[in-house]
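A, B and C are the chain letters, set down in written order, and residue numbers restart from 1 in every chain.
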Amino acid sequence: MMSAVRTAAAFVLALSIPSLALAEEPGNGHGPVIKAQDWSFAPPFGRFDKAQLQRGYRVYKEICANCHSMRLLSYRNLGESGGPGFSPKAIEILAAQAQVTDGPNDKGEMFERPGRPSDHFRSPYANDQAARVVNNGALPPDLSVMAKARPGGPDYIYALLTGYAKPPAEFHMTQGMQYNKAFPGHQIAMPNPLVDGVIPYTDGTKPTVDNYARDVSAFLMWTAEPKLEERYKVGARIMIFLIVFAGIMYFSKRAVWARLHRRDGTHQA
Amino acid sequence: MANPDSSTDPSLLADDDPSRRDVILIGAGAFAAIGGAAMLWPLLDQMNPDASTLSLASTDVDLAPIEEGQAITVMWRGKPIFIRHRTAKEVEEGKDIKVDSLPDPLARNANLPDDAPATDVNRAAAEREPWLVMIGICTHLGCIPKGQAVGDYKGEYGGWFCPCHGSQYDTAGRIRVGPAPQNMYIPPYEFTSDTKIKIG
Amino acid sequence: MSHPSTYTPSTGIERWFDARMPIPRMMHDQFLVFPTPRNLNYWWTFGGILTFMLAVQMVTGIVLAMHYVPTADGAFDSVEKIMRDVNWGWLLRYAHAVGASMFFLAVYIHTFRGLYYGSYKAPREILWILGVLILLLMIATAFMGYSLVWGQMSFWAVTVITNLFSSLDALIPGLGTSLVEWIWGGFSVGGPTLNRLYALHYLLPFVIAGVVILHIWALHVPGNNNPTGVDVKSAKDTIPFHPYYTIKDGFALVLFLILFAGLLFYAPNFLGHPDNYIPANPLQTPPHIVPEWYFLPFYAILRAIPNKLFGVIGLIGGIGVLFFVPWLDTSRIRSTSYRPIYKWFFWLFVVNCLALGYLGSQAPDGWYLFFGRVCTIYYFGFFLVLMPILGFIERPKKLPGSITQSVLGPQGSHPAEAPPHVAQEPAREGAA
């Protein structure tokens, strides 16, 4: 019995050390410490807040999409289950608001046409080099999986968007950069994109930078993990199944071994 | 015999509650079977067309350049679509037949109920009878019939002729002669303006 | 293999098959009635778990291969397409990625079990060597698989690790560079590199499966070791593999799957690195290149040694030394349970490996580098110094007379009755 406890303790210890190594503590030389936020989609029972995702999409579309592409997303994704839940009509309208390059036509020319639900989100720039030219050499990264591409995920994105501040007195700022509390190195090329009231919310949510940042962070978590809700749902069923199965297998094992133990007089407790 | 040491052969050892043991083992087997089936389904379903393929469902076609008597072929969902701007004579030939005598009396038009009869009106575009929009695949074994190009042999009924096994279709795309069992299918489509259609 | 076959086909179909090909006979002899020590504990369930995980990786890998695009431009997007558009694609991808980690967790536990109980000692040396070979193939396969995502970590891990071969330039000028360009298929890591990594990643698991078959064969010649390290002395010491160990392995597998599912569904990226969600950029190196967790101890050894060539030798030696363990350990006693002094050093070795893992994830400077070196010295010292010496000088505890005696206590060596014969069995049931 004691050896079972010892081995279990050893196992837990063995698992904890890799998790120490892996817990991306931005504080230990990898960047500023990022405060954890509460999110509606936190595991294991979280869900996305549809209204929040719709507001976040608005923030992306009206502010971020001017410089940041999101090429892995299509307009039809906006209507899929587990997401912002726009209606098919709304998606057609949103898609048609974008002009998409298509072609070549029968004359051999490329042409512009209104977007369709199956189109990917249009990038603001023709290519990376064009993006750099307009942004002083900096390339605004694609945001499709940004919530998984940074330690801290949505916590980090929220911290970044609310982290613009005046630099401390002795801090030396490079020309053209902005001070940001959350960005590693504290100097970011992106100017503060959000200001109170820049997007009028229509569902009663206060139009503050804090809310914009939260909503767009949640939206970016959805764009990175559109199957999150389905994953939790399937996961719950499978975990319950496996736990019950483990119980059945435990009693099965005991039942099979009982004969041996009975014969030998070595009953299991 | 099963085991060098039969003293541990469980089928030979007596047990004071075999029924309870059997129940738990049956339960274990059932769970294993359910688990196995549950693991199998995603492995099979992933081969089905994925969401991006399913979304490429529609194609827009501009009909303005197609003159009377002309036909074009466009691709939709990887299949050829025959669009023919029929002449008045072709429309008349399409109407001039008793539907009951056709090898396939059904319209096969995705825009109409399944049991709609294969009248020329039911085969052609709604309220635009000269226009015929059809999936250009022979319903026999899948070849693409001839009849779109000006010089093609169109068969005895003036429609389309399948060179693989000799099926002949009329000016409304209905099978008349040959091994094909059904009329060529009409895909779901609608006119989005006087001169444009959206297929699918 | 070493026991006469006891299979008697009982149906017509079995007889027909048995006369033509002995597969059912083999399955019966090797996996149903195989006499297995009766005292195996749960550390012995990991072999079965590993076989299951190999099957999981192969099956999920094959279905992923139906959608993956192995080009520099298409790879990252094809993985995202799998995650977003392919039916159940997210599940298959996460199963494969988390499954690789679970595969390594199981193989490390399985290996440490072998070290602790002396399963590598005569006559199981080849069994052990085949196992180390499987570990090596797994490392290669996992490394190549991770590169296929073509994220920043994928790209730069390949760049860093393949660049290690250029250290051979120190031995023969130009040899290392030619070798590296041959591996790359170009002057830097690129599309040709990705394509060949994909081809080999698909191939190697089948090689692993073949070596696993040899591994099981090599096991079945002498039979399993057991926690006492004492050989099987009579049929009383063993029980048939089925149903006792099939059900026990099944139970352990379900527990293992609970851990697997917990990670897959609720923390699928916990063991990964965010940088691999950034598409590969040959012009920008990530600030901290780290491999997946299961490579961290070897990474720490590599970086602990200041010289490039010797660092590579240390990296390869970290696994290479394992091949020699059957001869490095001079103890006459197999199981560490009966080696009180060695036991302390063994557990210290386990902690040392975990420490190396942690250190591999940190930047190699300051105290991290210092302890990385200390732990590297202990790692090699354990195999090259402690194993040979302790075997000679240690006084082990008294071994049990037999496996049965270790299970039943002293009266087990004087059974109330001899092993009952089949015909008399029903009357013989009773306490020992």
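We take it that contacts are C-beta pairs under 8 Å (C-beta built on N, C-alpha and C of every residue); 3 or more make two chains touch, one makes a residue touch a chain.
Not measured: the values here are computed from a predicted model.
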Make each chain a node and each touching pair an edge, then name the shape: line, ring, star, complete, other. complete
Chain pair with the higher count of C-beta pairs in contact (A-C, B-C): A-C
In whole angstrom, how far does the Cα centroid of chain A sit from the Cα centroid of chain B? 39
Whole-Å separation of chain centres (CA-atom averages), chain B against chain C: 49
Distance between the CA centroids of chain A and chain C (whole Å) is 33
Listed in rising order, chain B residues that touch 2 or more other chains are 7-8, 10, 13-14, 28, 32, 51-52
If you look at chain A, which of its residues touch at least two other chains? 238, 245, 249, 252, 256, 260, 263
For chain C, residue numbers touching 2 or more other chains are 38, 84, 91, 239, 243-244, 247, 250, 429
Within the complex, chain C is touched by chain A residues 7, 10, 13-14, 17-22, 24, 28-30, 43-44, 72, 77, 141-142, 144-145, 148-151, 153, 184, 224, 226-227, 230-232, 234-236, 238-239, 242-243, 245-246, 249-250, 252-253, 256-257, 260, 263-266
Residue set of chain C touching chain A in the complex reads 38, 42-43, 77, 80, 83-84, 90-91, 94, 239, 243-244, 247-248, 250-251, 254-255, 257-258, 261-262, 264-271, 274-275, 277-279, 287-288, 293, 296, 350, 354-355, 357-358, 360-363, 407-408, 429-432
Residue positions on chain A within touch of chain B in the complex are 74, 76, 80, 116-118, 238, 241, 244-245, 248-249, 251-252, 255-256, 258-260, 262-263
In their shared complex, chain C is touched by residues of chain B numbered 1-10, 12-14, 28, 32, 42-43, 45-48, 50-53
Quick check on the complex: what are the chain B residues that touch chain A? 7-8, 10, 13-16, 20-21, 24-25, 27-28, 31-32, 34-35, 38, 51-52, 55-58
